[in-house]
Structures are given as C-alpha cells and as structure tokens.
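In what comes next, chain A is part of two complexes: it sits with chain B in the first one and with chain C in the second one.
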Partner chain A sequence: MMRNRKWEPCVYHRGSHADAFLRDYLAQVGRSVLLIAGAGFDPRSVRIAPLFPESLQQATRAILIREERPNPVAELVARAVHHRDQLMAKFPLAREHAIQIFARDNAIIGGREAAKLMTGQSLDGITDVFVDMSALSIGVAFPIIKHFIDVLSTMSGPVANLHVIACHNPQIDDAVSSNPSDTVAPIHGFRGGWGLDEKSRAAILWMPQLGRGKRPVLSRIFQMLRNVQEDTVVCPILPFPSSQPRLPDELIEEFAEELQLAWSVDVRDLIYADEKSPLDLYRTILRIDDARRRVFASVGGSQIILSPLGSKALSLGALMAALERDDFTILHVEAIGYTLDASRADSVAVPDELVHIWLHGDAYGDGHGKEATQK
Partner chain B sequence: MNQDFILGRLAEIMAWETDQARREFAWLRLMSQMKYDGYQDFLAGARFVESLADWLQQFHQDERAIAYTFVRSSLVYISTAEMNHLVELFYPETVVWHLQQDVARRLDIRTWNVWASNQSRTLFNRLRRQSLFIELSDGARIDVFRRANAGLISNEQTVTAPRLNDEKLDELLEDLRKDLDDPKARFAFVFLIDDFVGSGTTLLRKKEDGMWTGKLFRFWEDNEDRFKKYFEDDWSLCVHHYLATQRAKQTTAERSHQIASERGNGKWFSAVQFSYGAELPDDLPLSKDTHADFLALTDRYYDPSIENKHTKVAGTDAKLGFGQCALPLVLEHNTPNNSVALLWADTPGDNNQHAMRPLFRRRQRHS
Partner chain C sequence: MENPFYRRATEQLRDDEAFLSIVSPQPLTYLLKRPAEQGTLFDRIVLFRGAPGTGKTTLARLFEFSALRAVLRSTGSTDYEAVAGALEECGAIKDGLPMILGCRLPMETDYRDFWEFPYSESLKSGMLFSFIQARAVLAWFRHLHVAGVSDSTVTIVPRADSGSGLETIGGTSGTAMLERAREVERAVYEIVGALVAPNEADIPSSVTGTYRPFDVIERIEITTSSLNQGKPLRLLPLVMLDDAHWLHPSQFEAMRHWLARRELRIARWVLTRFDILQPSEALSIVADDRTDRPSYPGLSASRDEETILLQGWGQRKDQRNTFRRMARDMAHRYLEKHSLLGTRRLVDIGSLLSEEAEQISNSRLVELAKHVASMQSRLKVTDARRAELEATINEFRKAAALTEDIRLAMLAILLHRYVIRTKSQATLFGDEDPEPSRPLVANQGVYEAARLHLLHRFERPFYFGADDLCDASSENAELFLQLSAILVDTIATQVIRSKPPVLDAGTQHRLLRERGRRIVEAWNFPYADKVRKLVTGIARKCVETTLQPNGWLTPNGYGVLQSDFESLAGSNSELASVVQFAVAYNAVLVVPQYECKNKEWCLLELGGPVCLAEGLTLKRGGFLEGTTAELGKMLEESNG
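Here is the complex of A and B:
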C-alpha cells in the first residue's frame, strides 16, 4: 500500500509556469522576502532577480553566498564579482557572506558553515524564504534548505513559506566541470543511517545520478560503498525524458565499464527520471524505499544512498526524498575547484528553465503554518 | 546464439580492422543488452546485431560506414522502460495540473492554494473521479496507466477504444454516480491518449475535398449527440501524447484553431488542450546540413512500392517517412512511419527496384 507522502501533492512549477508564478506571487501586497542565493561565476546567479518587482527588490533581505575554494581561477572570480555587483544593485539590502568550503586541514566544512550562517538569521516579519540554489553547490544548498525545513516545521503560529528555486540548463551544466577532492563524505545534515550501529547489517542500495564527466567521482563513491558492503546494489539514474533525446544512450556508453563490470547493473535496474521534474525522482526514490523497507525489515533493514551529481532539478528531487526519510544518506565528493568553458557558457542558445518548489507553509495549510489533512 | 559468431560476420561485412572491431563489438554488446534487443518485432536468433548485419549488406561496401555511423550516433530508440516511464508521468505531471487549474477556476482561488483547504482537495478528488481516460490506439498503454495509478484512477474511468457506445457510457455513468453518491453527476474531463504524434495528420487534417478528418474529428462526429447526456455543460477535453515532434505540436495547435473558427460554436469542442509527455527537439529531423551522406542513401535505396493510400495522404513519396518528417526515431513496439523509410521498409524488390531491408521492421497499423 502506498504511504502518504509529504510532497504529494506538491505546489511546483517549471519553465514558463515558474516564471509566471513568481511574477504573480511576488507582486502580491504584503510579501516580505528573505532570499538566499549564490553570488558565483555561474551565469544562473542573476536569473531570478528580474522577477522581483522593483518595490520588493528594495525591501528584500538577500544573503549572497560566495563559496571560497583554494586557488580559484581569476576569470571565475571576476565573473562572480560581476554577478555579485548585479545582485547588489538589484537588492540594496543584500549582504555578501563568504563561506570556506574546506578547512586548513582540507576537511569539508562548507555545509556546516552555511547552516551556521542561517542559524543567525531572524525570520521576524518574513513571509517567504526563497533559496535559489542555481549558483550554489549542493554541499552548501542542501544544509541551508534542511535548516529552514527544521526551523519552520517546529515553529508555532504564523510561519514563513519556504520556496526553492533551481535554474535548469543542461548546456551550462556541460560547460562547467569540477575538480573533485579526494574525500567521499555525507553532506552536512544528510548522514542518515550512515555509520549507525542499527544500520550495520542493512542492505545498501546506491542510486547515483549519472552525468557527463562524473565517472571519477562516482567510481570513488562506489569504491567506498563496496568497502563497507561488497554486495552493494546499484540502480543508476538516467535523465529521461531529456531535452537531448540521445543523452541516456550517451551516458550508458560513457558508463559502460561501470554498468557492465564494476557495478554489475541489471538493465531492469536502470531508473529513468524526468530531467526537469524533481517530483518524478522524489516519487521514484520513495516508491523503491517503501518496497525495500518491507523486504528487509526483519533482516537488518535497508539503507538508501543517494549521489545527486547531475542537473539541479534532479538533485532537488533527491533532496526532497532525503528530507522526508531521515535515514537516507547523501554521499558526495566536494569540488576543490571549478573550470568553466566560457565560450560554451556564453554561447548557450537554449533558454534556461526555472524550477520552483514550495516546500513549506501556506500552500499546504490554513495560513498559519498548520498543514491541511492529507488525502 | 553465440553473439561472437555474428559479431565476427559483422566485422567482415564492415571490413573492420582488429582495433576498430574491438571498439564496435563493445558498443554493440552494450546497446543490444541495454536497449535494442528489446524491439518487439525481433525474433529469437535474429535480434539487433543480426538485423544490423542484414540491413548493412544491402549497401555497397563503401556506403556501409555511412549507414553504421547513422545508427551509432543519430538513432533515437525509445525503450519499453522509457515509454512506460512516459505513461507513468502522465497522471502526476499532466492530469493533476489540468485538474488543479479547474479547481482553482471553479472556486475562484489561486492555483497554488488548491492543496491548502479540505474544500479544494475534495473538489480535486471529485474532478479526478469525473475524468474519463480514453485511448486513441493501443500505443496509449492504458494497462500500464491503470497499474501506475491504482487507487487513484478506477477501471470504470478508462476506455480501451475511442469509439464509445451508449451501453458502455451508461455503465460508466452509473458507476460514477454510485461512487460519488450523486444521481446527477456527469463527467467533467475527457483525456484522449496516444503514444506518438509525428506530423499531426492522423489526429486532425483537412482532406482535398475540404472535409475534416482524423481521430479527433471522428471523436467529435461519433459522440456529439452524447456529450449533453454524459458530460457536464462546460466539460474539458485534453489530448495527450506521450511523445511529440515540434512540428506536430505546432500543426496540431494550428489545425485545432482553424477547425474551431471554421465550424463555430456548438459544432466543435468549446476548448481543447494539448499536452505532451516528451517533446523531441527541433533539430532532430535529418537534414542535408547534418546528414547529407545518409540522405543520399535514402534516395538511392528507395523502393516506391511502399507507398500506399495512407502515405499519399501527406503527399509526395515516403523516402523520408510519412509527411516527410525525416525522423531517426524507433519506438520499441513499432517504428513510426514518420521515420526515414530506410529504417523500417521491407519490400520484395519484384518491380525491378531495390529490395529494401528493414533494420527495425514496421508493423502497419491504421485506424
């Protein structure tokens, strides 16, 4: 029997519907917004600013996050500064905050630092929190979103709405490549059952999101999982439908060795997820988890491991599933740095599409943060 | 069958050197296993690699690399798992959206407030029950749709043929009224479902004599006298295809607009909404800019005996497929006739023409 799910139904928009919703919603009288966004080199940093009416731009408290990694490429820094200046011009109340992603001993601290920064933010008078993860890495964005979910879920009385925005453009994703660190670790706040005694006998199912150029990172994560449990089952996630109809085939070819040899993937274990719909992947992951919980209930349990390394929209689906089931683990390899194929990024012909998810608040309740009875 | 044997033969047919043969064998083994062997018309012992060997042999030796490269780098094959996924997406991504819009309209609330109150949720659930799902062909996979939505959509809401009759509709209406405990309830939504639209011609077109035809027109003609009895006064018609070309999307919208304005009020659906599970990109059709060499083969190895009254509906020959769509597309249950004929045509060659050998043999189906 299907369990009730937190975000089914869900208020979400994509493409032209997302733009229309944001224009309409933000133009409503009485909106008071806290905006969390990346001020980075990614051209998607400045995508949503024009959707804010001018009067709301003047009043919006924006926190612009600059992710600091060792030895950044000068051109990327220059682009980030340019985007920051554009955002500062739009949002006069904006404050820029630098977050160190690595400590001096190379420990990954970005997620924890981001959550700490959010803890200091007052929500007094705020009607809506918008987290724009378009130009944030998932190691930083996920802990921020989890922080607000935790805070808003436990507040009494009127609470702010929580929205997440991601700008989807596979061509820009392809133009950005990351230099991965050596460390495989759970994202801050998404350790789940990883390392817990009660999960020591659990059957591990790993759902890596396949993406171009992600072989080294995914191989590293798999090696770590295999050291923990030799019989780790792998169900790779392929983007379908996709704006590029041959993309699933190209990824199958790119990951041929892993699929056929290292991971021993049965063709029936390939997971297809709509490239533009976070909800599709969210539903699929939870459906699989429901089935596995029953199967392994009396023999050590099931442990789902997620590695959302592809498009932002799909990673948002993995995030929602992990927020709902708090024993999921999101294993990640943080980037030491990025490189940008500037000519490719600047010549992107396909317009990007916004994805908007309303995660908490009025849309599901009576206007005071209390959620309506689910179906 | 030992795949190594046929791969060896394929290497001979293609005249591959050892290194190239090794690379291509790896790709052929991978894609056969992951996707292509699932084509429904393949037979045991004659699946993808065997069919490819047969298909390539119809070309001259120096043309085989062009044909093989086309398969290797341009073919778009939609597998059973992928097509089933498009079916599974239909309810949560499309049906919910339509119903949500209608709840907001009826209650005069914002669409984002539909889940905020029990009143709007109740209306949503009622409208879902008042929806009929009708397949326009067996490609609609209504069985997969039912299984994916068990508990949300009942069997008494799905219809496996577009041609309704009073007896069937009476049964459906009786079940609806019983479920809603409302003796006056009627249907509020009709979803017509099909798998693929390539040119839009089969759905809606004007004949040479100026009369309209196509599946959508037939649905109107067959049922216009029934709508008042079985459907609410302002019922909505939604036409959904799991997969569509950009050309079909545009053509369908234009023709729908044209027929509505030509026929006027009361002679056509008051509103038709079209939706698509996946849209193929604008640059998918083969063109001289991108596939000049392969298009030359489609000219050279064409047998006009494949033309019939159905292909002629869209005019000219069928080299590039029905309606000159020039698609490199194969669906696991059948190859669309909008795809280039060289992929699917099978002719005996008894008219002094080239005998076309199919890579993915097509089963004809017309309704």
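Here is the complex of A and C:
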C-alpha cells in the first residue's frame, strides 16, 4: 500500500515555466527574500539574478557562498571573483562567506560549516528563502536545504517559504571535471542510521546516479558498501528521457564493466528517471522503498543508499526522497578540486534550463507554514 | 571464466571460507610470531602501519571471531591448515579453541566528526572513546550472535579493580551490557548526525566519558559454549581499529594514549596507512589548528606500544625476499582457485613465467655491432684494448653465457668508461693506448645498464620472470595481484588455444609495461594529476641518467637531504600534500635516513608501475641527488 507522500502533489516548474513563474512570483508586493547561492567559477552562478525585479534586488539579503578547496586553479578563482562581483552589483545587501570544504588534514567539513553558517541567519521578516544550488556542490547545498526544512517545520507563527532552484545544463556539466578526494562519507545530515548497530542486518540497496566521468567515484563508494555487505544490491539510475537521447546508452557503455561484473546489475534493476524532473525520481525512489520495507521488515529491514552524482536537477529528486524518509543515507565523495574546460563552458549553445521546486510553505499548508495533512 | 586475481582485496570476500582459502599465512608468521612469543601482541596497543594494499584489513579480518571459527570448523582441510598453524603460533587459537573475540571497526566514517564539535578537547575525546567502546561491544556481540551464542549465556569477567565502572556498562550480564551499548551508540550517533551540534549543557552524561567498558572488561565468558562441548569458554576481547588515519592527528594521538594505558586488559590493535608524513610531518601541517593539543608525558613508545610495519620492515633485502616468498604463495592460492589453471595444476607462478632472456633480432644485432664499431673508432680505442675489455666481459657470468646483444651493449659502456678514465693521460702524453686511472670491470652494474640501454633502444624484454613481477609490486599485495592478473589471463588464453602455458619474456615484458602505464593513468586519488606530474618529472630525469653512454648510474629514485625533507611541510605545503598522497598510494616509496656519501638522505623511490611505464630498473638504491625546491619546480614546470 502506498504511503502518504510529503510532496505529492508538489509545486514545481522547469524551463520557461520556471522563469515565468519566478518572475511573476518575485514581482509580487511584499516579497522579502533571503537568497543563498554559490559565488563560484560555474557560469550558472549568475543565472538567477535577472529574475529578481530591480526593487527586490536592492532589498534581498543574499548569502554568497564561496567554496574553498586546497590549491585552486588561478583561472577558476578569477572566474569566481568575476561572478561574485556581478552578484554583488545586483544584490547590494549581499554578503560573501567562504566555506572551507576540507580541513587541513583533508577531512570533509564543508557540510557542517554550511549548516553552522545557516544557523546564524535570522529569518525575521523574510517571506521566502531561495537556495540556488546551481553553483553549489551537493555536499554544501543539501545540508543547507535540510537546515531550512528543519527550522521552518518547527517554527511557530507565519514562516517563510522555501524554494530550491537548480540550473540544468548538461553541456556545462560536461565541461567541469572534478578531482575526487579519497573519502567516502555520508553528506552531513544525511547519515540515515548508516553504521548503527540496529542497521547492521538491513538489506542494502544502493541507487547510484550514473554520470559521465563518475566511474572512479562510484567504484569507490561501491567498494565501501561491499565491505559492509557483500550482497549489496545495486540499482543504477539513468537519465531518461534526457536532453541527449543517447546518453543512457553511452553511460551503460561507460559503466559496462561495473554493471556486468563488479555490481552484477540485472537489466531489470536499471532505473530510468526523467533528467529534468526531480519528482519522477523522487516518486520512483519512494515507491521502491515502500516495497522493500514490507519485504525486509522481518529480516533486519531495508537500507537505501543514494549517491546523486549526476545532474543537479536529478539530484534534487534524491534529496527530496532523503528529506522525506530520514533513514536514507546519501553517500558522497567530495571533490578536492575542479578543472574547467573554459572553451567548452564559454561556447555552450544550449540555453540553461531552470528547475524550481517549492519545498515548504504557503503552497502546502494552512498559511502558517504547516503542511497540509494528507488524506 | 573468472580470474580470481581481479578480486581486488580480500576484504571484499565476505564469506569466511572463501576468504580464508586465499589468505597466505606467511606474513602472519613473519610479522606476528615474535610479538606473540614476547607476549606483547594482545597485551598492549599494537600499531600496524602499511600502504593501501599491504594487507592491513586482511590481517584484521583474520583475527575476527567469525574467521577463527571458520578455521576451526575446517580443521583437517589442507586449505586452512597453514593458516590455522599460523594463528596458533600467534596465540589466537589454542587446543582447537578460539582464545580471542576479535572485532574490526572501520574508522573511515563518523569518528573524525567529533573533532569538529565546538566542545573542549576532553569532552570531544570522551565522546569519541564512548562511541568506539559501544561499537566494539556491539561488534563483539554481533560475532557471538553469528556463532549462535545467545546474549543470556554471555557474562563479563570484570577486572578486580573495576569498582563502580561495572554498573555504568550494565553489569556482568551480557544482555544488559548489550542493551547499554546500544543506548550509548544511539545517543552519540544522534549528536554526530545532528546538523548543528547541541549545546554542551544538553549532552547526556552517558556519552561524555563515563561509559568505559574497556576499563572494566577482562574477559568475556560464554557459560555454555557449543564450541567447547558445552563447557564455559573464556575469550580475550580484541578490538581492531582499522584505517585509524582518518582521525584528526590530535584525535589519533589522544586515542593512542588512551589505548596505551597498561591497566587495560582487552587487546587493542590500531591499523593505519603507512605514511611517512603522518604523524610527524603531517602534524606540522595541521599545527595551526591544534594550539590546545595536549602532550602526553610518560608515554614511552618502546615500552607501551608495539609497532608492526606491513611494508618497509627490516632490512631492505630481507623485505624483497620475504615479499617474494609471500607473493608466490599468494599466487599459488589464487591459481588454485582459477577454474582453468587450477584444475590443470598450473599453480606455480614461477614456472609459468619464463626467465629466459630474448635477444634482439639479427638485423638489429648487426646494427648494434656497427654502432659499437663506429663508437670504438670515434673514441679512438685500439683493437687490443677492445679485446681486453671483451675478455673482461667474458669473465663476468662465466656460468651463464651472455647473449651477443648484451655483450655488445656492455662493451659500449666499458668503451665510454675507458675514455673517461684515460682522458688526462691521453692529453698529457699522447699515448695511443693509455692505461685507465682505475681498472675497468664488467660487473652487475654494467650488466644492468646494458640491459636498460637495450630496452630503450630496441625495446628488448627487460621485465620478466616471477622475481621481476614481485619486485615491480613494491611489496604491495594488491599491486601484485593487479600486475599478475593480466599475465594470468594471457596464460589462460594460451591454455585454451592448446599452446604451452609458459609466457615468454617478450610477452611478459609487453604486458607488464602496458599494465604499469594503465595503472599510472588510472590513478584517481587526491592530487593524482600532480602526483603523475611529479613522478613523471623524476622518472624522466632518471631515464636521462640511465641512458648516459657510460651507464654510471641506473637510478629509480630521487634523494633530498633528510633535513630538507623534514622542512617540506613548512616550505611548500602543496608539494608536501602531493608527496603525502604519492606515498599513501604507492606512487612513491619514501626511504628516510638513508646514509650515502656521509650524508643523510631521504629517498623518494618510484613505485613499481612507474618504473615499468618509464623503463627504469627495479633494483634499489640508485638515486639522483636533488632538493625539494627542484621537486617543486617539477610541478610548476609541468603546470605551465
């Protein structure tokens, strides 16, 4: 039997609908916005700014996050500074905050630092919180979103709406390559009971989101999971429909060795999720979880592990599922550095496509930020 | 047809029987017998250090209770006999009964997070220790459950002086102790998993350091054990903290100090990556954020700790010989599992890899002879002198005749050495056939240089035979398996095609070089690109020197003064990080305090795959003298 779902129905837009909706929404009188965005080298950093009417730009409290990684490439730093200056010019009240992603002993601390930074932010007078994760890594963005979900869900009285935006552009994704760290770890706030004794007998299902160039990272995560449970079941997520129709085939080819040998994936275990629709993946993951809970309840339970390493839009679906079922674990390998193929990134022919999800607030409840009870 | 050599690490084999059948007992005996005999193996903290792939986790898994039970279940099986014998020598098994209750706790996730809490150091350490202890207790009970032991038949034998500590862990009842451990684990986990750490005042007292089962437990007793025909069985608890290098250096030091206390009765092992920059140099990197780091006077490494190196132990020659024995044994076990080769008893890797050298083709031999003749003429060496040098070469290796190509290559080297050693005489006196300042001898060095010259000029097979395969593995079991896998695949193909199974030198050489290149290309650890640049920079300089016509040196390493290396962390943090990861992932082997020319050097020896890829000797000791500044430049130059 299907369980009630938090974001079913969900207010969500993409493409030109997202742009149109956000323009209209932000133009409404009385909007007071807290914007959290990345001020990084990614050209999508500045995509959201033009959607804000000029009067709102002047009044918006923006927190521009600069993710600091060891020994960055000078060109990327220059690009990040350029984007930051552009955002500062648009949002005069913006503040820039640097977040160290790695401690000096190379431990991953970015998520914890991000959550700490958000804890100090007042929401007084704010009607809408926008988290633009286009230029934020998921290790930083996910804890921030979870923080606001937690805070807004427990606040009394009128509370702010929470919106998440991701700018989808596979061509830019392909132009950015990351150098992974050697640590596989749950994203901060998304442990989901990983490692607890009570979960030691749970049947593990790993749902990695396949993406180009992610073989080494996913292999590392799998190796860790296999060390915990030899018969870990793998259901890879492939983007389909996709802006590049052959992408799923190319990914199957790229991951052929893993799919056939190491992960022993049955062809029926492949999960296809609309590349631009987080809700498609969100529903799929929850449907699978519902089925597994019933099956494994009497033999130690079920543990779902997510690794959303592909497109940002799709990773939002995994995030929503993990927010809803707080016993999902999101395993991740943080990037210790990035390289950008500047010529490719600067010559992107396909326009960016925005994905907007209204995660919490007026759209779902009684006007006080409480979510409506599902029937 | 599955090739078992592709199974990367034994830790992936969750089935105990499958795991045990591929474990070689050699390292157990070699590494653990002495401390076991001295009574230190289970009596004090034992620190195991080794690079990834040196067998840390394999070793730990072998001492887990479930593995011991699997060994005992299969007594009489030849597969396990050697392993059982080695475990008995180490004191883990006695009279057919397990003596220890071992559990392995991987430290990769959760534990480092405590360091980020905004609490005092003692509180953070207290929480970390509570967490470790709770998880160890839970892991011990998990092993007992798998063995069919119910909680109610387990009792704790406390230390005589445990006092009120016994109550805090739930008393002597196994059931109560398990329940208490679950409570503590859950309470600490909630703090670790919280987005923002709670205020210090809100932390429950149960997780702040009062929970100390390690201080209380002396033995764990199973009152009616099926393992002991229904009689009681007393086990010594052993906790093995695997991959403890993930902890913050301060946490690691605190934990080391905590576990080094003599009053603890349980056995405790700490397994970390071998990394010369940790803890000494790496600590200085993080010096800025550990101003309040406590020091631990009274902790004597020699008295309170036992350190066991899984790589780089003992004399360097011994290391090679020991690893060769272990690797051959391991290959034997893996080949036995091979569905095609095992059934045909083709299980001796040494006899499957030909050690017969292959000469270059006749046309190339003619080319080489012409080259040497013209060299002789250009260098103005008389025929009589050449004949004398040839006689010297003939004296070398009388037993095994040298092939013509090697003789010519050695002659070319000696001709150049002759000219260098006669330069001053010839200039001063105009003698047509002067005597060299020092006599010229054809020795192992000239032979090795000649082979390398032929490798680079004609791609003459250089890497072949089981010893070369072992030496190219940098004393790393996982690397050995990776290199062997491709050779075993090819042997299997030959068998399928009804050809002799023995691989000739040329095929081995080609496959190993390809594999070496692929391994280097596939590096994807942090700073991998920079590590690649660094080792390529060093390797190119080494090749340049190797190809000097007089073959004076065949290096595969880069030496900097020890003092220079020790200041690396402060002088160039990026290079220090690059070297740190290069060491951690076997791209480079650091040999500290190497005495040469009355100076103390620190050698950065290139790993086996790099030597294979670049065509360098696998013999040790040859190095280029340099500085860390020059190493830094290699990164910059490559960057540009």
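Here, the second predicted complex is superposed on the first by the 373 of 375 C-alpha atoms of A that agree within 3 Å, B and C clash if a C-alpha of one lies under 4 Å from a C-alpha of the other, contacts with A are read in each partner's own complex, and residues count from 1 in each chain.
Everything below uses one rule, namely that a residue touches a chain if its C-beta (ideal position, glycine included) is under 8 Å from a C-beta of that chain, and two chains touch if they have at least 3 such contacts.
Everything numeric here is computed off the predicted structure, so don't read it as measured data.
Superposition of the two structures on chain A shows chain C fitting alongside chain B with no clash. Contacts of A:Trp358 after superposition on the shared chain: chain B is touched, whereas chain C is not. When both complexes are overlaid on chain A, the residue A:Ser243 reaches chain B alone and has no touch with chain C.
Judged by the touch definition given at the top, the superposed model places A:Asp280 against chain B, while chain C stays out of reach. In the superposed pair of complexes, A:Asp124 makes contact with neither chain B nor chain C.
Superposition on the shared chain A places chain B and chain C such that, viewed from the Cα centre of chain A, they span 110 degrees in steps of 10.
Judged by the touch definition given at the top, the superposed model places A:Ser181 against chain C, while chain B stays out of reach.
Using the contact criterion defined above for the overlaid structures, shared-chain residue A:Pro9 touches chain B, although it does not reach chain C.
When the shared chain is aligned, chain B comes close enough to touch A:Val267, but chain C does not. After superposing the two complexes on chain A, the closest approach between C-alpha atoms of chain B and chain C comes to 13 Å.
Across the complex, chain A meets chain C through its residues 70-71, 103-107, 109, 112, 115-116, 119, 143, 146-147, 150, 179-186, 188-189, 191, 193-198, 200, 216, 223-224, 226-227, 229-231, 336. Residues of chain C touching chain A in their complex: 8, 11-15, 57, 106, 108-110, 112-113, 115-116, 135, 138, 142, 181-182, 185-186, 189, 192-193, 195-196, 246, 248-249, 282, 285-286, 288-289, 522, 524-529, 574, 577, 581. Residues 2, 8-11, 21, 25, 240-241, 243-246, 248-249, 252-253, 256, 259-260, 267-268, 270, 272, 274, 277, 279-280, 283, 358, 362-367, 372-373, 375 of chain A are the ones that touch chain B when the two sit in their complex. Listing the residues of chain B that touch chain A in their complex gives 26-27, 30-31, 33-35, 74, 76-77, 81-82, 85-86, 89, 92-93, 96, 100, 112-118, 121, 125, 151, 277-278, 280-281, 284.
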